[in-house]
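Chain lettering (A, B, C and D) follows the sequence in which the chains are written, and residue indices restart at 1 in each chain.
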Amino acid sequence: MLAKVLPVILLFFIPPFLGNYVLFLSLIAINLGILTLSWQLMEKDSGWISFGQSIPFGISAYILAINPYLTFLAPVNFLIFLFLSVFGKSLFPFATFITSIATWQASNYLTINGKGGEEGFSVALQLPSEKIYLASATIFIVFLILLEVLSKSKIGLKIKAVRDNEIAAKSIGLDPIKYRMFAFFISSVIASISGILHAITFSHVSPSVFSPFYALFPFVASTISYGKYYTCIFGSFLVVFLTHALTAIFPEAHYILYSVVLMFFAVMKYAKDS
Amino acid sequence: MLKIVNLSKFYGKLLVLRNINLELDDGIYCFFGPNGSGKTTLLKIISGFEKPSSGRIFFNGKDITKMKPEKIVKIGISIAFQLPRVFWNLSVEQNIFLACMDKEKVYSIAELFKLKKELQNIPRKLSQGKLKLLQVSMAYARNPRLLLLDEPFAGLDVESVEQLLDILRNLKQHKSMIITSHRPKLLRGIAKKFFELKGGVIAGSKENPP
Amino acid sequence: MISEFLAASFFSVFAISVLLCYRAGKILNLSLSSISTLGAYLHFNPFLATLLGIFAGFLLHESTKKLEIARATIFSLGLAIAIEEILRIIFKKEYIITHVQILELFGENVIWNHFIAGIISISFLFLFFSFLFSKKSKTLKIVEEDYELAEIYGIKTERARKIILSFTGGLIALISSFYNQGIIYPTIGWQNLIFATVIATVANVFKEKSYLFAIIFAVVIICLQKFFL
Amino acid sequence: MRWFLLFLTILAVILFLGCTAEEKKEVKIGVLIPKTGEFSSAGVVMENAAKLAEKHAKEIFGINVKIIIADCGDKPETTKAAFMSLSQQGVVAVVGAYSSPQSLIAADTAKELKLVYIASVASADLEGKVKEGNRYVFRNAYNTTYWGVLATEFLEISNASSYYLIGFDPLRTFNAALFNYVKNNTKAEFKGEAWYKSPSIAPEDYKKAVASAIASGAEVVILGDPGPTSVSVVREFAMRSGKATIYSVGGTLALPYVLKNLSVNNVAFQAAAMEGQEKTNLTKRYFEDYRSIFKEDANNYAGILTYDAIMIVAQAASKGDPVEQLEKGSFIGAAGIYSFDENHQAKWGSEKLKGSLGIFRDGKIEILR
């Protein structure tokens, strides 16, 4: 366990020494790292590949912007996933992707007395980057440990069992729906929290939080980083720095660089492939 | 213990079981008959994985006709399918553990089913015979009143069959079972009654296999 | 009504390509977006567009044939971005306006290019379905089922995948080089893909009938837009 | 753990590049340009205009300006990141960004970093930010009201008796505000309005809007979509042989080469300035040099305003503290002489700073005002 958490903690110690800008980017990376964690709980342990993680992410961000007191309601959106899981595992990625596109479009219509719409809302709660960074880093580590413990625990084992074979699970007395619900709920909670942190970081929420970039982000980050809970943060850092950091150094080529890295990591053979 | 009252099952127009009436007390029973005679369907219905078109099933006087499979397991009926249904990406140990939820028992069960060496492997690595043993062991690990074995000998080599028979002999004293097979002779001296299923009806029952 | 019909045929071909890549090619082919953009930018030379499209598809197959679906999809995303950015750097222009000729069909004005795109799409659909309803379609079904099974049946799945990816690539590039609104910019491909994916997803629910339903949905959705939406 | 080492090396390189910032004696101005994503088309002209501004600032005002371009992508998140990287490279001010959310977040970032930001394209509610006490954000582009003003003025100039409104859904807030202004301020008769969705979810949707616009028989159709779909709208309009004059809010349909290639009649549009006008001594040079350098007609909204924004900053920064200078001074740009009101909004509609109206007829552009 320590061997898994330590590199992450070390990574989190570097950015504060590299100035505001790097700190800010790292902050984004950590927030999206938390989103990736939530995605991996669904993909790795429960076997549901979701392209709609931007839904709980964005919804919670919006709720925070519109009325901070209702933020506790955010995790309820796990019901969306539960409903979509009716289509079965093979269709789930598609179903979630479409739903995320739909929410993306729909969010353009959300106006409250003339404000909002495509311009989005600004968040009342504003904090200095350092504070948010500290919070995000801590939250990430907490969730990391929590998920590692969970996947080793009895209930984690049961979730994996349901993932492997639902009929076998029933035949030994496990109710698949129950464990699916549990996994989805935890995942939604984590995604919501990452959305909230994201909203606070930018102190502004606009429809782009539902955009395919965030829908695909966890999938990309986790795939290029070996798909383990404790490694996904590195993938997250890589993607964020490639997409955000080089904008001013080579504005022309930074996206191509990103694409090259994507392709490279996709075809790269890992030590032991999970 | 198990009471089945004029149970019928149709798939659309196709009739699979017709007016099955049975009353079984403790002990081992064998259902034999050609393929498609409804053996498997009967077990699936008892274990709740399929719902009957009509009729009722009582287990220790409790009506289980409409119960979900995961509930039926909890009240003491567990099934080992013909085609192995196990958790492919978890180790044998975890598979058995999931069934019994008790670290100590895992080893005794592994002992009993001759799986001690394979505990750390994943099911994909097991031989057909071992896989079947794992399947049965998981059903057994639930410690049910009634154990349903669907074609336990199908696709096994001679020695695995022997192994499985040994185990069944050991269990004979303290477990009730319903075993379906198209090779009833194997169960001579194990099962106390043999029912013949033909075209979805019970064609007859004998003390000894034909 | 004709122009809607042409649009529907274009998008149903696009959706079917997405489905083919997903069901038989075992990849969610995001690079179709940029291949479509590529086609649009090379509108002056559809032949070249088709060749490059085929090449892109082939490249995709060669580099992802050993990968499982998630990684393959990531690769296609990378490829998509790469193509798009390269186009952006080569054609350094705000918009490219293509000259369109208007064609009068049964008293309705139709854009000539759309008409050609429609003809190509429809003829493809015709061939594809005559294939689907022939005996040969069994091979496709088996490949969709799973690769190991197909290998047992003696089908060269890798070859099949190569053909499917290259062919869809070429086809999309070709029809996109004709089907554009007369103004070209780097994100049109994504717009096409997103819409096509929506159709493909809904259609995919219907398993092996999905191809047929792709067309139905394309027609229905686009006509709905005309009348109700 | 090969992938891990690889990750570290890549990250190290990025960080190294990210931290290098060279030091020279010059006015560094950061320019946020959408080089990737949805708005990258507009990015091309903004970049050209920015480069031209750098050149002209030296030649005309003798100010040694160095522009640093950053890609703000199509999301506010990327915009903020780009903004911060610019500030890290020691710019005196930042201009540009495209969409409304981008400009809003740039405004917040400007306050956070105490660095001047001039919004040169978006018309989001930045005045609100100033009222809330953000002194660092300015805008030399129109605000929503002025979009309405221009549309209304066009209705008067063309003395149209009736008008119809076609809105672009993804820009609902902007369009709605524009439409409301028109409805409340024109004498012409309102014949109805229609909206069409983004082509990525409904590719054929605009056709319906066009049909109903033609059916309404209005004399002028006001089109709220500055993006490329507007071209399809105009063409559809021509194909259904609609008679009305289309007034576009500009953007794609204000580009001379687009209109020429489109070969349709009676398309009116607004522009910050148009070729052939002599608003200031910069106007002519902007259009001429742009053509001679980039071999195409100059963009007359996003482009020219980005150009002006850079010119404004250059003039202000050479005098002293940018914020004070911008608040009290007045500055020459290609579109007119800029000065900012108490909400830091350029005084569009004043004597020295007026938007232009043009119409495309018989293959050439006529300047209406």
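One rule holds in what follows: a residue touches a chain if its C-beta (ideal position, glycine included) is under 8 Å from a C-beta of that chain, and two chains touch if they have at least 3 such contacts.
Since this is a predicted model, take the numbers as computed values, not measurements.
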| item | value |
| --- | --- |
| Longest centre-to-centre distance from chain D, chain (CA-based) | B |
| Most central chain, judged by mean C-alpha position against the global CA mean | A |
| Rounded Å distance between chain B and chain D, as computed from the means of their C-alpha atoms | 74 |
| Whole-Å gap between the CA centroids of chain C and chain D | 35 |
| Centre-to-centre distance between chain B and chain A (centres being mean Cα positions), rounded to whole Å | 44 |
| Chain A and chain D: spacing of chain centres that average the CA atoms, whole Å | 34 |
| Multi-chain contact residues (two or more partners), chain D | 35-36, 197-198, 201 |
| Sequence positions of chain A contacting 2 or more other chains | 101, 224, 252, 255, 261, 265 |
| Residues of chain C touching at least two other chains | 85, 194, 198 |
| All pairs of touching chains, each written as two labels joined by a dash | A-B, A-C, A-D, C-D |
| Residues of chain D that touch chain C when the two form their complex | 35-38, 40-42, 44-45, 197-205, 207-208, 228-229, 231-232, 235, 239-240, 252, 255, 257-258, 261-263, 296, 299 |
| Chain A contact footprint on chain D (complex, rising order) | 1-4, 7, 10-11, 14-15, 17-20, 30, 33, 35-36, 68-78, 80-82, 84-89, 99-101, 104-105, 108, 124-125, 169-174, 176-177, 197-198, 201 |
| Parts of chain A lying in touch with chain C, wherever the complex brings them together | 49, 87, 91, 93-95, 97-98, 101, 212, 216, 219-220, 223-224, 252-253, 255-256, 258-263, 265-267 |
| Chain C residues within the chain D interface of the complex | 3-4, 7, 11, 85, 88, 92-95, 97-100, 102, 109, 111, 181-183, 185-187, 190-192, 194-195, 198, 222, 225-226, 229 |
| Chain A residues touching chain D - in the complex, by the definition given at the top | 18-22, 24-25, 28, 101, 105, 108-109, 111, 114, 116-120, 122, 202-204, 206-208, 211, 213, 224-226, 231, 234-235, 237-238, 241-249, 251-252, 254-255, 261, 265, 268, 270-271 |
